[in-house]
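Once you scroll down, you'll see the structures, which are given as structure tokens.
The same chain A turns up in both complexes below, where it pairs with chain B and then with chain C.
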Partner chain A sequence: MDIIFYIAAVIAFIATVGVVTRKNAIHALLYLVVSLLAVSVIFFVLGAPFVAALEVIVYAGAIMVLFVFAIMMLNLGKDGIAKESPFLNFGSWLIPAILCLVLLGELGYVFYFHQVGDHDLREIGPKEVSSSLFGGYVLAVELAGMLLMAGIVGAYHVGREKKREYHRYMQNLETNTEDYE
Partner chain B sequence: MNEIPLNFGLILSALLFLTGLLGVLTRRNVLFMLMSVEIMFNAAGLAFVLAGAKWGQPDGQVMLIFILAMAAAEVSVGLALILQMHKMYRTADSDALNILRD
Partner chain C sequence: MSETWAQILIIICVLLGTVTIAAGLIYVERKMLAVWQQRSGPNRVGPFGSLQVLADMIKIFFKEDWIPPFVDKKVFILAPTIIMLSILMSFSIVPFAPGLVVADMNVGLLFFLAMSSLGTYTIILAGWSSDNKYALIGGVRGAAQMISYEVFMSLSLMGVVLQTGSFNMTDIVNSQKGLWNVIPQFIGFVIFLLAGIAETHRLPFDLPEAESELVAGYHSEYSGMKFGMFFVGEYLGITLISCMIALLFFGGWLGPSFLPGIVWFLIKMFAFILFFILLRAALPRPRYDQLMGLGWKVLLPLSLLNVLVTGAIVLLNS
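Presenting the complex of A and B:
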């Protein structure tokens, strides 16, 4: 079981680095799916089969398909890749990378000097999770339902084709816009 | 179940989170920024499940389910915003959104 955990962890990290460094959006998305699947394997090993299945179905399935549709509608293509290239040079990466490495060092320090200790892991099945979900967390479940509903309505309103309406001040301004730009 | 070094799992979670943070900081394409935010959600969920596994409680998994629901809502609205942005500016570059009017 240990070796499966380590292999999945390495795959997850490599795939995540792939997401951040790819120029082509579809390639990055496929790396993201691999990363999510690897994390799902880690969940299985940790004795959490229910959320492992949910991770595959909801994250790697539904949400990634949304991304694929959006990329298809955007039609970024070759010039999108060309536009990404200057942001992947060394200069724009250096300072953020240093900041993140410092943060990683701090986190590693905390984890190293405050040993959480190893435990015998016990499998927590769907029955226990759902009795907790609909026991103490039932209010949060309803709130999550409302959040999803708001997400649907918001996505519909934002994504709709709309006629652009200007305030009359902006309408007057619109004729002179060329002068500003 | 064998024992897994939980320190290693937490370090993996931190690594994934910081890789996502690095992505948000360096990429200018909003689509990639949204993907990096997803990576960060996922890393936080991994930390939750690890903590739940350590204490043998289901609460960590419950939190991951809530993270999934929130990520789904966030992605749907975020992608709709990106589509609108692409319709107006013909680009997915976040630097294009520099005029604070209409």
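Presenting the complex of A and C:
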């Protein structure tokens, strides 16, 4: 299974670099989808099939579709590409890249000297995940539920129709009948 | 080693079998539509027109595969492959008979849901990359329809999962030995059937490609084998949804023992495929807001209620 892990990790890495460097927003989002799928494969290999499936259903299947949907409606096209082109000049990515290198160095140091990540992995099935969600972490689940409920109520409030709108045929019909009266 | 070879053989059989059935459905659909509409249907190529599929295949392979100059080329080529890939991947969790399954995962049902949610990309990307207003409208409709109906699709299956206590497809079929799930889970079955039609965007829910208003919707700009992949992908989708209905609600391979299990499974599967075709012959297309209204205002509360009641009954019985 080790080789699958490394292949998925390399794909995730390349795809994530692609997300940053693509100028076309839809292409960047597609790279992000590939990256999420690769991460889901990593979860699967590490013995968490339930989380892997949820990663694909929720992130790759629902949230990213909505992202693509929204960007599709914005219709950025060539203007968007022209606008994003100067974003990636040398000056703007130099400092973040140095910061990332420092973080990478720290990560390597931690892994090298503390020897985390042994291979005594064990598969966690759906039942175990659910019993810990609704056992030990029930408060967090309830809080997340309340947050989602507030979001739904807010969305309903924002999207509510202010007044009743008639179809223009109906409006014409009304004005016409008034004329006749 | 022989076990590995047996597994590879199963994979090849499933792949070839499903693609052959999907291609053969083109003929079955045309012939059955003709029967229901009192026409003859295809009757020129071969006995009773049975070689029509072959003729169509040869035609579609030799047609010019034209990529319009204004499209986003990479995404345009990528889009039709996604639906084939995601649906063929879903077949890996379908147990055709005891032991005859590619991957007997403990999250099998979730894997099916994950793959069907990835299928949304094919419509949305085909619609966007075509750079055509009809294709874009089709893509937007398809995305909204499929995201909405995915919600009820997964919720309607939770009743079955609650009764079985497992996401594993083999366990789900084995738990129906006494009584098929369609009786205790009738509401779940109806919701899954409707959501399945909407997910495969078949008539009467084919709003993304509504040919009377959108030319051909999201695949207006496609030609040759790329169009063929959308077409075969749609039939693969029908086959998959019919398989899932047979497995989840009608006991899969279970049946009286005078026929082997796989035959029972195929009988049930083809019954639902014919039902899908009958729907196309019988029903008109609803308006788009009616489709979404039905989904969010009727099916969502019903499926939530179904989960609640099933959960309460399972809790009482345990």
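One rule holds in what follows: the second predicted complex is superposed on the first by the 150 of 181 C-alpha atoms of A that agree within 3 Å, B and C clash if a C-alpha of one lies under 4 Å from a C-alpha of the other, contacts with A are read in each partner's own complex, and residues count from 1 in each chain.
The criterion applied here is as follows: a contact is a pair of C-beta atoms (placed from the backbone, for glycine too) under 8 Å apart; a residue touches a chain by one contact, two chains touch by 3 or more.
Because the structure is a prediction, the values reported are computed rather than measured.
Colleague: If chain A is used to align the two complexes, do chain B and chain C fit next to each other or clash?
Modeller: When both complexes are placed onto chain A, chain B and chain C end up side by side without any clash.
Colleague: A:129 in the overlay: touching chain B, chain C, both, or neither? Say first, second, both or neither.
Modeller: Only chain B; A:129 stays clear of chain C.
Colleague: Of chain B and chain C, which one contacts the greater number of residues in chain A?
Modeller: Result: the larger residue contact count on chain A belongs to B.
Colleague: Quick one: is A:30 in contact with chain B, with chain C, with both, or with neither? Answer first, second, both or neither.
Modeller: In the superposition, A:30 contacts chain C only.
Colleague: By the touch definition at the top of the document, which applies to A:56: first (chain B), second (chain C), both, or neither?
Modeller: It touches chain C, and chain B stays clear.
Colleague: Tell me which partner A:65 touches in the superposition: chain B (first), chain C (second), both or neither.
Modeller: Only chain C; A:65 stays clear of chain B.
Colleague: Is A:109 touching anything from chain B or chain C once the two structures are fitted on A? First, second, both or neither.
Modeller: neither
Colleague: Thinking of the overlay built on chain A, is A:73 touched by chain B (first), by chain C (second), by both, or by neither?
Modeller: A:73 sits against chain B and chain C alike.
Colleague: How far apart, in Å, are the nearest Cα atoms of chain B and chain C after the overlay?
Modeller: Closest C-alpha pair between chain B and chain C: 14 Å.
Colleague: With the touch criterion stated at the top, can you tell me which chain A residues are shared between the chain B interface and the chain C interface?
Modeller: 50, 54, 62, 66, 69, 73
Colleague: Using the touch definition up top, name the residues of chain A that touch chain B in the complex.
Modeller: 1-2, 5-6, 9, 12-13, 16-17, 19-20, 25, 28-29, 32, 35-36, 39, 42-43, 45-48, 50-51, 54-55, 58-59, 62-63, 66-67, 69-71, 73-74, 76, 80, 83-84, 87-88, 92-93, 96-97, 99-100, 103-104, 107-108, 111-112, 115-124, 128-129, 131-133, 137, 140, 144, 147-148, 150-152, 154-156, 158-159, 164, 166, 170
Colleague: State the interface residues of chain C toward chain A in the complex, per the touch definition above.
Modeller: Of all residues in chain C, those touching chain A are 72, 74-75, 78, 105-107, 110-111, 113-115, 117-118, 120-121, 124-125, 127-128, 136, 139-140, 143-144, 147, 150, 154, 167.
Colleague: Which part of chain A faces chain C closely enough to touch in the complex?
Modeller: Listed in rising order, the residues of chain A that touch chain C are 24, 26-27, 30, 33, 49-50, 52-54, 56-57, 60-62, 65-66, 68-69, 72-73, 125-126.
Colleague: What residues on chain B touch chain A, complex-wise?
Modeller: Interface residues on chain B, with respect to chain A: 1-12, 14-16, 18-23, 25-29, 31-32, 34-36, 38-39, 42, 45-46, 49-50, 52-54, 56-62, 64-66, 68-77, 79-84, 86, 91-93, 101-102.
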